[in-house]
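Quick one: structure below, then a few questions.
Chain nomenclature is as follows: A, B, C and D, assigned in order of appearance, with residue numbering initiated at 1 for each chain independently.
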């Protein structure tokens, strides 16, 4: 299975060097890849249909427990077949739809990458591996949404989509890590056996929240749904493939996968039912107000995703059967509707419902495809959509006495919206009179109208023979999702019962809504008045506020004033040091250890302090420099007192040279420090900060003085200076022998600074010169 | 044990620089020498790395004085890994410099100083003596001053003044710390210190000393609230220089922090809280800054800050898993950040600016280079299975396991903002049409094919390194796992150095 | 700055200080002094000369740029550091000629190292000061 | 005597910090020099100080017979002094260049806004 997944990835890599051969109509041959994969998965139908699960495991990162573990069970087979099957049609369709596009090869590259990633998601048996592929789907979606990269709107939509799904992804990751931590494994196979531990853990609600964030953002649930309509900026094949049939269902897939692990608790059920319910009603209503064909379809997709979330939340056997069936039904008719929309857009140049009518006269096969898809979406008997809808009602009716009525009402009303939306997208553009400007519309090539037609017909074929799907796919899928054994048959006809009544009501009401709800620009305008109350607006506003805060914060912290940086560093150090000093308690001084003061030492220190005062307070640059040099010489004298002749000579010469250097440089600087620096409060503040720093250092020094010193190493030096290092001046021996390495690189430092000074003075690049 | 091989990775750069100093006007020869030197350095460090990986810790007593009396060089897995990464980065940058740095700068000692800088880094990673470490730090600091100011543009000088002031302050803290440590233990050898520090009666002084090092190295590693020098200066020098800075300089500070706070001072509860707080605030500060900057290099500077927070937080958690994550993150970060600054240089070569508003159209014009860059960008973001993902996994796991939810949340926020700004960068720089009102200056087209290769090759080398790290995560994890073990149990280190 | 007294003083001071600096360098192993101090004193001698006669004059007298001494000194120091490696010893190990030489005493690699330090210090100090003073005047 | 040095160290660090917090770059440099001096004396003091007993053997001796000052801090300080000379001289020249370019040594003016980046 690893190879199966990697095939797409390899193809996409090969397209980088070989892309130029696939920019023409030849690209249609690339559809052999998904077709082959479809055949591969189809060949497993009977085996998996019998309730078997195929496992495969390869080592990858065992230290983290992330291995290339894959499983092929009913659920993954269902999705794999959708991904590769619809993929094949999309690949064929796109070769014609984007014919002559200069980046057609890149498009296929991303599409292959996406297909790989999506297969990876559904086949993974390890949740972190699943996450890996999950992120890859987000990334490939980003590239596909932004495929028309010169359009600003495309780029913005791509960024929004990546932002929303990316953020959800990080939450999901955190959730998965917590699951792994609680259960001690990342393998789904093993997780299923530790359900009880996870559900009873105190962090279970947090885990649930994090996983839901991932699923909801990906599957466009309210209030994160807003990226999906934006994602319709992608070329239509992408909308059909990623944003209705497969990728957005990854969230649903995730919920389904986690049903046996996390599901079944009240938290799980109610959250999903509420969120799913809100999503389907909200999006169902919205879809009726749209006049852009893709807009209608986007919102109806969101509504369907809501329905699916709702069903998984319901979690009964009936609900799970309904969800599995509905996933297939929706994928078939929605992909078909998208493709039809794409053809209309491609041939007429518009997707505005208000401008489209009568197209059946020029695009007859497309009209058939659209009608079949619309009818399936409406749930007409004999269509697969009918079976899906039936099962939904069955599930809601079986939900328990208190809930059944409410849930059924919600489901029916959402479905009414879906029926109307399906008619609007699949039938409306084709009926009525053909406007004059559309008379010249030509039939496209077969590669472009066959795929939707195939999907439309398939909807009715499967609808007439539901047993195939039911036995081979749905039943193993539900087997995976629910714990106890499930026995059921998908049937066309359930007899005259409540469910049939509800179905009929839905279709009739949907048709009525369709007839009374004429698409008009005024409605879109009406809807725009509520823009300020949508989640999208709310997120935009918060993001804007977040950016403004970031801007303010960054400018506040990094304000350009060196002294404010330095004072923060010093104050931070002071806080930590004072904390430790206070923790250390009072300081005791052992006076007996100290050396007595002699007069000349005292005088020297006094001179030093005087020079220090002068340096700090003077306003003349020269005086300040002179003050510093006096300090240097006084220190030099101190070294003489305390038996450091080498230091004394070095300090003396270095001090002299520094002064000479300063004088050279100050030569052409004004002699007074004219910068206004006299703000009293600042001086007091700096004085306090500096003073406390000095006090802290003094206290630290006193504390350290109380610690008895070890002299092992310096005694070693004294002992062996002559016998081993052949010298009598130990300081020099230390410098050139014991610690000669320090000296070696110290002269390197000196050399670098000389080179630096040289280049600093001599090299003056103009701004026009290159880096 | 006499093993001069340890120091060979340092000496090769010293002698490369010295030969280049003798040939001051011969820029072509310098260029070739530089690449050759880096290549030899790379081979030596690979050899050393394999040796340490297969065997154990190696030491070298400089001047043949037994530790703790002389200066000792210690090659344990941590230091050798850092040396290896440095040499990879150095190789890439030296190749890039051949085209990316103008001849004027080469005439004034660009290459020798670059090699001194690399030498300083390697020396700092390998030394086992705190004062010697100070000397290496100074080598690094002074070379970076010179490289930062080389060219003397206004922005460069402005950045350099701030960089200088704060880095010298860092050295002051560091040196003060050394003075105190010598005062209380009478030794400068790290292994010896590791044995003597726990025996000191008044541990309060030890904690006090630790803070001096914390501040000193904290400034070097650009953590909140000590990071200011980084965004003030990293956008100013040539991109080749910025690449070394961005990839390696802050990592030196981090290396020192990890070395000191695992070997000498094991963080107590207070220090753990300090590190964690620093980690969280650093991540946030970097993320906020990166979000609003529109100049590529300014944005990258803030991203460096943000990601240093990840690493510091790992030190704050101070358990094996977190340390593995932190070290892994450093490994990943060195490769990617170096590369990103080189990429910024390439973009500037392609378009003559680094302002995202004025950039565009690279994807249409140079699709293959764009894809190469995309790999690097998404490695930085940590899209699985690329290199940034794994360490984040460790850190997140450790954070959640230890109930450090603030840290975990900030990792998520930091990662998200990284994702967002990188996607924005891609969309602005690569996707957007080249703006028409601006005259696009493409200095890249005019280059000869060989010179074009010299610019793209280093980026490809580093991208391959990132890919290797990402796809071969198991190997890196095994290495970092051993490093983390060495950090937690320091007896092998002290035994190797002191022989007891 | 070019006073006559300073000029005539520095004319005598230069050789004396240089001699003294060499003295400091050589005896550093036994008494206070050494490469650093020696190099600094020598540099001060030249600086004094340049203060008296002007930097251009001093440069003319030197006949080579101070910048070029730096690599020479560095190479001497680096080689004396590297030499023990060829004898199978760690870097920087002291090597000694067992026969003492008059005035200097025992000669070893440490002395060459010190000479390297001496030259580098002279080169560095003169480069820094002369570059600036040539720029300023 | 140590106490007097302790006071001195505090004073040096305090004045150093005070000076680096000023707006003038000359003062920044002087502050850095003072901080360096403070650190040197700190190392010197903490390595225990000894009067009149330099770590140099008498000409006719081959080992020390008396106590002597600790040579290590002295060697460290010597290295530190020389290194900080390298750094300060570079910094001083940087000051000169900044002044030549901007005509002021006011640190507050060292800000090129993002908009002017290339």
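Everything that follows uses one rule, which is that a residue touches a chain if its C-beta (ideal position, glycine included) is under 8 Å from a C-beta of that chain, and two chains touch if they have at least 3 such contacts.
All values derive from a computational prediction rather than experimental measurement.
Novice: With contacts defined as at the top, give the pair, A-D or B-C, that has more of them.
Specialist: Comparing A-D with B-C, the pair joined by more C-beta contacts is A-D.
Novice: Distance-wise, how many Å sit between the C-alpha centres of chain A and chain D, to the nearest whole number?
Specialist: 49
Novice: What whole-Å value do you get for the distance between chain B and chain C if each is reduced to the mean of its CA atoms?
Specialist: 36
Novice: When the centre of a chain is set as the mean of its C-alpha atoms, what distance in Å lies between chain C and chain D?
Specialist: Once rounded, the distance between the two centres reads 23 Å.
Novice: Among all residues of chain A, which ones touch two or more of the remaining chains?
Specialist: If we look for residues of chain A contacting two or more partner chains, we find 560, 562, 566, 645-646, 650, 654, 657, 661, 665, 668, 697, 704-705, 709, 711, 713-714, 717, 728-729, 731, 733, 735, 737, 739-743, 746, 748-750, 752-758, 760-762, 767.
Novice: Can you pull out the residues of chain D that are in contact with at least two other chains?
Specialist: As it turns out, chain D has residues touching two or more other chains at 20, 28, 42, 46-48, 54, 56, 59, 72, 78-79, 82-83, 86-87, 89-90, 93-94, 96-97, 107, 110-111, 118.
Novice: Of all residues in chain C, which are in touch with two or more distinct other chains?
Specialist: 30-32, 36, 70-71, 74, 78, 91-92, 94, 121, 124, 128, 132
Novice: Which word fits the touch map of the chains here: line, ring, star, complete or other?
Specialist: Drawn as a graph, the chains make a fully connected set, so complete.
Novice: For chain B, which residues count as touching chain C in their complex?
Specialist: Against chain C, chain B makes touches at 2, 4, 7, 11, 14-15, 18, 21-22, 60-64.
Novice: Write out the stretch or stretches of chain D touching chain B in their complex.
Specialist: Touching chain B from chain D are residues 20, 25, 28, 32, 35-36, 39, 42-43, 46-48, 72-73, 76, 79-80, 83, 86-87, 90-91, 94, 97-98, 101-102, 107, 110-112, 114, 117-118.
Novice: Give the list of chain C residues in touch with chain D in this complex.
Specialist: So the residues of chain C in touch with chain D come to 30-32, 36, 121, 124, 128, 132.
Novice: Can you tell me which positions in chain B touch chain D when the two form their complex?
Specialist: It is residues 131, 134-135, 138, 141-142, 145-146, 149, 152, 154-155, 157-158, 160-162, 164-165, 168-169, 172, 175-176, 178-180, 182-184, 188, 235, 293-295, 298, 348, 352-355 of chain B that touch chain D.
Novice: Spell out the part of chain D that touches chain C in their complex, as residue ranges.
Specialist: Its residues touching chain C are 54, 56, 59, 78, 82, 86, 89, 93, 96.
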